[in-house]
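Let me begin by presenting the structure, written as structure tokens, before commenting on it.
Going in written order, the chains are labelled A, B, C, D and E, and every chain counts its residues from 1.
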Amino acid sequence: MIVVEDVHKHFGGFHAVDGATLTIETGSITGLVGPNGAGKTTLFNVIAGVLEPTSGRVIMDGEDITGLPPHELFARGLLRTFQIAHEFSSMTVRENLMMVPGGQSGEALWNAWFARRRIASEERALARKADEVLEFLTIDHLSDEKAGNLSGGQKKLLELGRTMMVDAKVVFLDEVGAGVNRTLLNTIGDAIQRLNAERGYTFCMIEHDMDFIGRLCDPVIVMAEGHVLAKGTIDEIKANEQVIEAYLGTGLKNKAATA
Amino acid sequence: DSVTLGVIVGFTGPIESLAPAMADGAEMAMAEVTESGNLLDGMSVTSVRADSTCIDSAAAQAAAERLITADGVDGIVGADCSGVTTSILSNVAVPNGMVMVSPSATSPALSSIEDSGLFFRTAPSDARQGQVMTDVIMDRGISEVAVTYTNNDYGQGLADSFAAAFEAAGGTVTLVSAHEDGRADYSAEVGSLASAGGDALVVAGYVDQGGSGIVQSALDSGAFDTFVFPDGMVSQALTDNFGSDIDGSFGQHPGTDSEGAEIYHGMAEAAGFDGTSPFSKESYDAAALIMLAMQAAGSTAPADYAAHIMDVANAPGEPIQPGELGRALELLAAGEDIDYQGASAVELIGPGESAGNYREISIEGGEIVTARYR
Amino acid sequence: MQPKHVLLFVLVGALFIGTGFVQSWNTALTIFNMGLVSAIMALGVNMQWGYAGLFNVGVMGFVALGGLAAVLVSMPPVEGAWAAGGVQVLLGLVLGAATIVGAILVWGRMRPGRMRGIVILIILVAGFFIFRAVFDAGVARVESVDPALTGYLGGLGLPVVLSWPVGGLLAAGAAWIIGKTALGLRSDYLAIATLGIAEIVIAVLKNEDWLARGVKNVTGLPRPVPFEVDLQANERFVELAQGIGADPVSASTIAVKLAYAGLFIVVLLALIWLSEKALNSPWGRMMRAIRDNEISASAMGKNVKARHLQIFILGSAVCGLAGAMMTTLDGQLVPGTYQPLRFTFLIWVMVIVGGSGNNWGAVLGGFLVWWLWIQVEPIGLMLMQGITAGMAEDSALRDHLLDSAAHMRLLTMGLILLLVLRFSPRGLIPER
Amino acid sequence: MSGSPYEDDRGNKDRSITRPAAPRMGDPVKPGGQPRKIEGDNPFLIGRAMTGGYGSGADILHGCTIAVEPGEIAVIVGPNGAGKSTAMKAVFGMLNLRQGEVLLDGEEITELTPQSRVGKGMGFVPQTSNIFTSLTVEENLEMGAFIRRDDISGTMAQVYDLFPILKEKRNQAAGELSGGQRQQVAVGRALMTKPKVLMLDEPTAGVSPIVMDELFDRIIEVARTGIPILMVEQNARQALAIADKGYVLVQGRNAFSGTGAELLADPEVRKSFLGG
Amino acid sequence: MDFLNALVTLLNFVIIPATAYGAQLALGALGVTLIYGILRFSNFAHGDTMAFGAMVTILVTWFLQGAGVSLGPLPTALLALPVGIAATGLLLIGTDRAVYRFYRAQKAKPVIYVIASLGVMFIMNGIVRFIIGVDDQRFADGERFIISARTFREMTGLEEGLAFRTSQGITIVVAIIAVALLFWFLNRTRTGKSMRAFSDNEDLALLSGINPERVVLYTWLIVAALATTAGVLYGLDKSFKPFTYFQLLLPIFASAIVGGLGNPLGAILGGFVIAFSEITVTYAFRRVVSYLAPESWQPDGLLQLLSTDYKFAVSFAILLIVLLFRPTGIMKGKSI
């Protein structure tokens, strides 16, 4: 369970996040929506240790994790993906996955020189695991391709795949859907649901595609002007007047006129 | 048939303006000998130039290595600055048994260096210059000075020996402070020196380098108007730069009022370079000594002629002036002794360095004029 | 390595062999030995830049620290200097360090506020004056011990080869301090921090006479190989030389250079082995990942700062090691020769021309660029003579051109650099 | 990866002595080319049988054709990596075509540089890096109107009307905006050109539903003034609903084309490209 | 009176020299920062560009002096400056054609430009020494002082003198004008804004109809003007010597980085920070204090924090500390 307590993040005089308080239940797939500039990405960055909050706390399973650097959050099982994919572009897809697990003995220089046998066996195990993940994501045919050569959607799958190399507890997804073909997005959605069901990952995802949110998320949290506006099931949210006015709108005016 | 001499001086680097006149001097001696046709049955002498850079000892060593092993020189005139001279000597010349005669390396440390009898210099040690400079200053009734030196072994060696001598003679040195060459600005140094005070500023630096910068800055801010210039500063460039602004300043550099010097000036003028430029005479003499020693030894092998350098340089014998190399060679061939005077009244003492005659100069009306010789 | 790259090594080898034939074997070996040292420096810079993308413009400082190590380890201790003031100098340094440690402790213990500021200031100011009083007096005494010949503390009198690892350690220590403060911040900071530290190291070397004689230079360092003159005096050697038909003088100079080359080659090969093994292990993969994308690597649990620190220290240590080797080869420490152009920028040129990110590339670049650096001087002169060959003997232009031949060195270097860069932009042996 | 050896330094980030550039889009056509008058009846804007790729790499487009007429909205859809953005860049001269041609208003402009195409009245919003991050919002808009010599204050007021948030943040650096806000700046920048033809690459990516509706509304309005609009969209169902013409690209080839409604009705298209 | 003497001493030995030196550094740093900001690389050839510009100006100045032209109290070099700028502009544009343009077309990474600029530096270095030689050249004429130490002493009757050189005055004025002009140009004019846009996102600039070659051209021309002016002013104040111009590179870069690379205002500030720290930290305050302190308190030490040996090291140490608290430089960098 992740609890965000009254977090503020100010840029100069501008309050990007302004007293956000919310809870992400263990085992849920929580949606985070809201108008452009509501402070969603900023809040993510605060939770993931990229930005220092102006005030407020973030608590994970009873432990205060505010301001911890990303690599320590990773060690605690908190992972994130990026709105713009951040693959290691000059490395192969398989290497992208193999580098993820922490505590590899080959990451110590001494072992790299003098414990080559141990490393070799560890490497074999890692490669096997990576191939399994790639198969799961249906991109195993690309395992020796440079990650930089993947298309936008495949990069997003790869981002997701990295979270599967370790036993993550909570995964934050920032707009996995933006710019991804809807058919592929459905595949990603399936993957998320399976990870949630089979491996017990908790997800929190920012998304603007209400169909996608509707299919996966419960509950949905709506942010506006830096704080939480509403929380509930997708139907409750869709029916919420404030949310409609600030975020969802009422559909195309002109199209109604032409059609 | 042919003798090759290497001339290794700093064509690039902090004394690049002194280097041409030095190399020209050395080569003039070689040309003279070649023309006379008297060296070891009419051998001609050719010169190979190399760049010592004055400061980069690795480059200087490589250049010297090339001179000895690739160009096969039979002797080396150089190097110029004390630092590179030391490295070339101990890493290249001594291992290869090559004779080096430096016209200008003046560091006191070179007096006691391990040289297997191969190293000589036609310039005096700065230990002596410190003494002379003290006398020069004291004689003008100045007893309080500040000192700034270029931050290398030459500068520090000179500054130290001067400060010791000056204080021993009852003077006060208000501050001894280093300056780095090639810096963009010397206000900080001049500020400190001004703060320390003194009736004159001793600038133990290089005229092509920080030395001029310091003088300029001191003049401009009105911190000092009397300067004392040792060897690295005295050159045409000094008066070109400052003209009569430094009237009343004075200094000294190795030099003599010997008739040799006069003759040399004339010869240089005829050859189209400035013979009064510091160390040009010493370079001529360095080259001349090597060739005369060869003649005396009857061999161009360094191991043979090294021992003869002191002989030809010092009395007894027939005094030899610049321009008389041909005659000197004849005399030597006839088995007679010579006492080479040369352009700088060479007199080698102790471990093979010039005894140290100095020309005291003063600046009057924007010109360097000789005050006297010491 | 691909055949093409082996060919490049063969070509560079041919340059050296050609030098041997055209000029002399002594020249070729001299350049080769410095080439070995340059290759090691290039390896160090390549670790920092090629593996991790860290921009170190203070190579000169680390190299100089290595040089200092050579003096501190190998020179005999100066008689009387320790008694005169050596202990006091050390005491002064300890007091200085204690002041800083004390200030840091107080900073940690006391609550933030004006009081803390005042206390820290008092500690620092008082500490500074006590330090200066003790230290300066000690220094003055040490420096007055026979200043023309010594005037410093001397070293430990140990074999000079020991100074190589010590040089590495000294450089590593300096790198640790810079890295600790600089690596977490924006990378401009690393550039200026390294630039600054290099200047500071040189300033200390030049001005702290008690340490290594300052600009008076330490000459006559002990050598790991015999002296040429001793060889020439050794009958067995002379016989041996004459046996193979060489004259003893050149035989001895070449033998000594070969001995140095042997020692250096061992070090270079060991370093290459270590770097190659590291680069092709999970450690290397992690470093590549960090270089590719720091943000993502840290989100994937890699401690980017710690890794940067590690590689920065390692690379600097290698530079320090090379510095100690170079000073050993020179047989002297001359602080005035440490110039950024020669020891920082030239090394960078080696890495980029050779191929950053590739160990073999850096090594190749080290040899090639160093060879050029030395040989462009005669090449430039030749070029000038070629240009002026057709001119009238007494033309002023001809004289001017010939007199300017020395400046051809830089010009030629620049031209070659631009050509290599144009036709082989990722370096001669690019990263795989 | 374009394979240029100069470009590829494997991500070394030397922010100290050099300034890494924003990611590059492609290889702009080199200066020197001239437009050529063309006889015959052609669509207003057409990229015909375009084949080409990045740098010296493999072909990405394989004879693909895209056209749009005045007053029309043409929408391109397709899977990720199909070459949609590449096709747009090709039409705009950000890619060296190996085969095929681009015609605008009765002229062949294949050899024209992007900046001369701007001069000919084309406006383009790329998919990524589509704003000047270090310039303020207002300066971004001014740069949109760079080639205009007339008074731009009227157009600017219109843009601010359309995206009120931008007026509020007009003096803020655009790089400090949220993802959706940046998208609005990008579209605003293109509108400032007063283009004769407008090309938009996924203008609604990352934009909240309410703004997206506004945007589509505005696009329809612009089209009604007679300006042809060529647009790539992943919000395909909404986009096709307002499209006069639709193209489905797969692996650089035209896979399906037709009116928006036809494509929406095609079960094959729905299943493979529109997410069922 | 003593207070005045102390003040004058401080002015004469610290404040005026530091201000003038700071202005010199600032002008150089401005050029470096502009190239970094717009063309995206650190130009190591900048020092030698300054040398080249100064060299041409000197040659023209000599010609003018030979022809008897003069500017009265102002140095004739100012008259020759435009020619120097034009020649340097040509040289830079030529270099761009021959070297950098190729890499631009290849979209080379910035570090390649940096190393290429090292090559250019070597070549320019050679050219300058080739043409004018290695020696010190002096070309200042006109009045050397606005007020000289001696005149000041005579005028005021104070013990201490105060010197203010014409070249210092011109440098300071020119630095202020240059930065103001540059600021106005980049932020207010169409061309200036298009340069910033180009620097921000080259491709998008293309899509807005901005001609990249023109931007590059303007940049080099401005750089030529800045570099030549900086070089000439420095030469007027000190003297012209190719080697020193190369050495200037280090403090110039330090200024640009400390101020925040890419930021023109930062370059100016950085120049002053470097200059002031170099001069104040190692200044011996004895003379100043001796005026202020009562008779019995006269200092016997020099009252110098650190010897001038360390002036460069100290200024760097200060930079490091400044940056610890302001890691992006004094002004936020990279925002031309």
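One rule holds for everything that comes next: a contact is a pair of C-beta atoms (placed from the backbone, for glycine too) under 8 Å apart; a residue touches a chain by one contact, two chains touch by 3 or more.
Molecules present, by chain and UniProt name: A, D = ABC transporter ATP-binding protein; C, E = Branched-chain amino acid ABC transporter permease.
These figures come from a predicted structure and were not determined experimentally.
Asks: Count the C-beta pairs in contact for B-C and for A-C, then report the pair with the higher count.
Replies: Counting C-beta pairs in contact, B-C comes out ahead.
Asks: Where the centre means the average of the CA atoms, what chain is farthest from subunit E?
Replies: So the farthest one, by centre of C-alpha atoms, is A.
Asks: Taking mean CA positions as centres, which chain lies farthest from subunit C?
Replies: So the farthest one, by centre of C-alpha atoms, is D.
Asks: Using mean C-alpha positions as chain centres, tell me how far subunit C is from subunit E in Å, no decimals.
Replies: The mean C-alpha positions of subunit C and subunit E differ by 31 Å.
Asks: How many angstrom lie between the centres of subunit C and subunit D, each centre taken as the mean Cα position?
Replies: Spacing between the chain centres: roughly 53 Å.
Asks: Between subunit A and subunit C, what is the separation of their C-alpha centroids in Å?
Replies: 46
Asks: In subunit C, what residues contact two or more other chains?
Replies: Where subunit C meets two or more other chains at a single residue, that happens at 186, 188-189, 191-192, 206-207, 288, 292-293, 407, 409, 425.
Asks: Find every residue in subunit E that makes contact with two or more other chains and list them.
Replies: Each of 103, 106, 108, 111-112, 134, 257, 261, 307, 309, 312 in subunit E touches at least two other chains.
Asks: Which residues of subunit A are in contact with two or more other chains?
Replies: In subunit A, the residues touching two or more other chains are 89-90.
Asks: How about subunit A: which of its residues touch subunit D in the complex?
Replies: Against subunit D, the touching part of subunit A is residues 11, 33-38, 41, 83-84, 89-90, 146, 148-154, 175, 178-186, 208-210, 246-255, 258-259.
Asks: In their complex, what parts of subunit C are in touch with subunit A?
Replies: Answer in residue numbers: 274, 277-278, 281-286, 288-289, 292-293, 295-304, 310.
Asks: Can you list the subunit E residues touching subunit B in their complex?
Replies: 12-14, 17-18, 21, 24-25, 134-136, 138, 144-145, 148-150, 153, 161, 163, 165, 234, 238-239, 241, 243-244, 247-248, 251, 275, 278-279, 282-288, 302, 304, 307-309, 311-312
Asks: Help me check something: in the complex, which residues belonging to subunit D touch subunit E?
Replies: 2, 4-9, 12, 14, 16-22, 24-26, 28, 30-31, 92, 94, 113-115, 118-119, 124, 126, 129-135, 139, 142-144, 146-147, 173, 189, 193
Asks: Touching subunit C in the complex: which residues of subunit E?
Replies: Result: residues 44, 99, 102-103, 106, 108, 111-112, 115-116, 118-123, 125-127, 129-130, 133-134, 246, 250, 253-254, 257-258, 261, 307, 309-310, 312-313, 316-317, 319-320, 323-324, 327-329, 333 of subunit E touch subunit C.
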